[in-house]
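Two complexes are shown next, each including chain A; its partner changes from chain B in the first to chain C in the second.
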Partner chain A sequence: MSKGKVPHQLMVLSVIAVAVIAGFFVMRAYLTPKSFGKYGHYRADAIDDVRNLPVSYAGVNVCASCHEEVFQKKAKGFHRGVTCEVCHGPAAAHAEDNSIKPEAPRQRGGCPLCHNYNPARPTGFPQIITAEHNPGKPCMTCHNPHDPVPPTTPEDCGVCHRSIAAQKLVSKHSSVECTTCHQVPKQHFVNPRLNRVGKPTNNEACGNCHGSDVKTQPQVPKVETAKHAGRYLCWECHYPHSPENTP
Partner chain B sequence: MEPTLVLALLEPFNGYIYPNEYFLQWELLIVLYPYLTGLVAGAFILASLERVFHVKALLPVYRLALLSALAFLIAAPLPLMAHLGHPERALEMLVTPHTASAMAMFGFVYAWYLLVVLLLEIWFDYRADIVNLSNSKTGLMKYVYKILTLGATDLSPEALQFDEKAGRLITIIGIPSAFMLHGYVGFIFGSIKANPWWSSVLMPIVFLFSAIVSGMAAVLLIYMVASWARWKPIDMACVNKLAEFLLYAMLVDFTLEILDFIHRLYESEESIHILSQLISDRLFISLIISQVLIGGLLPLFGILVGRYGKFPDEMRKMFYFLVGILIQVGIFSMRWNVVIGGQMFSKSLRGLTTYKVHLMGIEGLLVSIGFLILPLAVLFVLLRLLPPWLNEKSEEKAIPVA
Partner chain C sequence: MSMDMNDPMEKGPKRVGRRKFLDLVFKAMPAAGITLGTCGLSISSLRGEEEKKLEPPSEKNSYAMAVDIHKCIGCGRCAYACKKENKVPEDPHTVRTWVERYVIPVEGEALVDSPNGGIDGFPELPETKNILKSFFVPKLCNHCANPPCVQVCPVGATFQTKDGVILVDEKYCVGCRYCIQACPYGARYMHPVKHVADKCTFCYHRIAKGLVPACVEVCPTQARVFGDLNRQSSPIRRFLRFNAIKALKQELNTRPKVFYANADLEVR
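Up next, the complex of A and B:
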């Protein structure tokens, strides 16, 4: 290699680098969909692709136009927020041709999808343990899915508040009745959302058992409620449904 | 108590978790990815110590470190692509990159690091050897080496000098590139602001230093095993020096992690309660035992004793070897604790879920072990193709046997 000349390696690598970069742009031009970037950072044709997909769902208004009676009944019940096709499946074909019948989950499979016990579900949402709740019987035997009301008024709080009941059952508060702390109006069992239960508002509720001046069993922890809590409420530190899991 | 209720209570989570938090979305394959890229960055930084900072004692591992970095780099994105399920989609982020996506931009960092830094540096370093091999080999291998020369067969002193200069320049560019490569992995986790276990500015730096530790330890192990396999003596000056650098890197890494921990405790955000539960309950074995004790303090102590204690060389080697393995355990645990730990607590900060490794399946243990063995197989092929010890013979000849 003479001085002043571009090194051979550099020339070879430059050619390869140009080839790689050019190859990249050729590949990019070839692989980028034509409609990409027309509206945003996506393939504009995707919108047409989605629009051309066959329509499966009819929509609740189409259902209501023929099944007015059922629709009105459902609109007043607890399932008013659940549209028809959630349980009956996509019904566009049925709306076009009455001889095609939509599915109806008459067995036990459908309802537990929402009503099987799961601690992540909101408290107060009716939940059952399917294996134990009238095993083998289709849900429809007792509950009308278009107006689901329990056949008998629940007596146990855990029927709806399963997660809290489960926690309390293995806690030191297992023998304490819910009504010891909560004031439960009778109508709460029938129409829970309009008849809320009362919750304790001050530390006396806990002090009734845990106050140092109260005569309860010796193993119940005692504190001077006024001094111990100060301006705080007991349940800001102690979770009453599982008191041992809090500091 | 009702038996079914007991079963319900024994479900693998406690407290309150959202329905989409039952199952972890990122599993073992995602743990492998930061672990493998860490080895790349660490091995490269080790190589740069010799090339840029002229730590001559590390010359015996220089080429080995480069080839190890290449082998791990080739294998690193494979777990991600396997996790995607649609590996071909990985190319889409190169074709239509979005500048606001860290993952898309990383495709270019990776390409830069592979094509411009590692391959070029290895090519410049090996060019003279490749040209010689293309002349001395016969059969198919002759043509393989001829292709590898890329036609640049000039072995004049000026050309060799240019190789040396170019290699050095690339290494200088390579150091920040290696920092970017692994800093990015920490960046991805550190920038997820909804997750208090991940969201930390220190994350890229902690990842980087743990990468340096794991990469150095991996090269130490590979060098020792390769020497034993070749029935060659281990260069004690080299492994001693390596152990010293490893010690410094471990000290920095450990300090950074402790700093991160103390900072979280001091900051005491609303997540601190669930995070302390996470550590004391779900991550106790993998974090306290495996990462901090077995993979952190024990090797730190081991390398201190092994390097500065008065032992015969054979004993020292055993110390280094064990320390190397323990460090791998520790750094793998660290990746595990970040990736898996970050998904084990609910974003409601009120509950914990669990994760159980499956044996089979694409995210299973067997596939993951395969992805861990794969870079070693790639390295084996690379070592056969471009033996790092080509210069060794001439050096051995030059040193008179006592």
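Up next, the complex of A and C:
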């Protein structure tokens, strides 16, 4: 073998290697989607694939552009924050073509989704026990869903504050009226959010019954208000709606 | 242009010999091809613009969502609307957003449940004694600024757009489920029909049209807030400023872009 001559085997191998590498680049150019890598390691056209998907929920502005009357009425009521499509379902198809009617839940099914009693719901949110609240009657017979108000002004605190009332009823404080501790403005029954109820601010509120210097019935536990609590407020240790049985 | 060049050649055969004529024709062919090709391309791109008219996503926007847990009533309308809007199959385990109920006892571990994503409401608790508190937490993809799901995708089928939304390219996904495993929030699922990974897109098709995501649109108590973090007047900027904010599993350095107000320590 003369010096400097490339062996035959190496030539064959290098030709195969070049062919494989060239084949890789050709196949990569052929198989990689055009927009791949335009913005990053992904197919840029996928963004527009997602963005061009059809919309099902038209949005409240589209509803209001035709149903102005309902919109005005709803804007003043408690349901002002509830958009149309919450109850009526997706309505983009209806906005395009009037012959397609959106859902209108007239039976009892719809309202309890939000208003059935559930202890995990925030306090003060209006709730009913569906099985006990006029069973079988559609909600619409008494309440207008576009402007819902209780048909009669509630007289009892427990109608709205059910969990607190239930707790108090079986506690030592069952005979204590709500108004003994809370200052309830009359307007609170009509417009509760704007007319808040007053809460006790100092230990005197409990001391009125439980203070050692007060003449109440002997079974009412007595403490020296100033000494017993120190700088703490009574309700930081005792829950007034359900005080503990043993002192 | 090329046609004009060809015409005089064909009209004057006496002056141009056969060899020269053929040479000119062969030279003109690629030019004609390029011109026709570019014409065709420009027409198709014009058609495309008529259909889309969408600007590419830019870093000027940074979309995010916030949830006020004190306002959530657990009605599950968000999860329902999400399924309707995005045509998600009605299977209890395929949800893009869902509502969890947390029940925290006086002692012991918190109970968390979400039957069918909360769409059909929540069953009564078997035991109501010794419950300290209970509340609802809506969950969805956190659209992390540092997303683990994007890092693990072997084919580049899931990605982060420049405006901060994590999307899935369903034509490119091979369905290996790495991203489903990698997501610490359990926000991804396998689409039972398409056999690709699927997840919340912040309703990317809606925000491109100036609408809010479907879950935000239908939330009856405005517990969900959506907006652009880079815009001063955006509702989310106000929300983040006036509430004590928590994000989920921040210790994982995912930098989530779904924020929670009034969240309990147990929420994660």
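Here is the rule we use: the second predicted complex is superposed on the first by the 190 of 247 C-alpha atoms of A that agree within 3 Å, B and C clash if a C-alpha of one lies under 4 Å from a C-alpha of the other, contacts with A are read in each partner's own complex, and residues count from 1 in each chain.
Keep in mind that, in the parts below, a contact is a pair of C-beta atoms (placed from the backbone, for glycine too) under 8 Å apart; a residue touches a chain by one contact, two chains touch by 3 or more.
All figures in this text were calculated on a predicted structure; none of them were measured in a lab.
Of the two partner chains, both chain B and chain C are touched by A:F36. By the touch criterion defined above, A:P138 lies against neither chain B nor chain C after alignment on the C-alpha atoms of chain A. By the touch criterion defined above, A:N118 lies against chain B and chain C together after alignment on the C-alpha atoms of chain A. Using the contact criterion defined above for the overlaid structures, shared-chain residue A:P102 touches neither chain B nor chain C, since it reaches no partner.
Residue contacts after overlaying the shared chain place A:P154 against neither chain B nor chain C. In the superposition on chain A, contact of A:V12 is made with chain B only, not with chain C. Contact with chain C, but none with chain B, is seen for A:V82 once the two complexes are overlaid on the shared chain. By the touch criterion defined above, A:V50 reaches chain C but does not reach chain B. Taking chain A as the reference, the larger set of touched residues comes from C, when chain B and chain C are compared. Residue overlap on chain A between the chain B contacts of one complex and the chain C contacts of the other covers 36, 41, 118-120.
The touching residues of chain B, when paired with chain A in their complex, are 1-2, 4-5, 8-9, 11, 13, 16-19, 22, 91, 94-96, 98, 115, 120, 124, 127, 150-152, 154, 156, 158-159, 162-163, 166.
Of all residues in chain A, those touching chain B in their complex are 1, 3, 7-10, 12-13, 16, 20, 27-28, 31-32, 36-37, 41, 117-120, 129, 131-132, 163, 166, 169-170. By the touch criterion stated above, chain C contacts chain A in their complex at residues 51-52, 54, 56-57, 70-77, 81, 84-86, 101-103, 121-122, 125, 128, 131, 134-136, 156-162, 167, 169-172, 201, 204-206, 208-209, 211-212, 214, 217-218, 220-222. Contact residues on chain A toward chain C in their complex (touch as defined above): 33, 36, 39-44, 46-57, 59-60, 79, 81-83, 85-86, 89-90, 112-114, 116, 118-122, 125.
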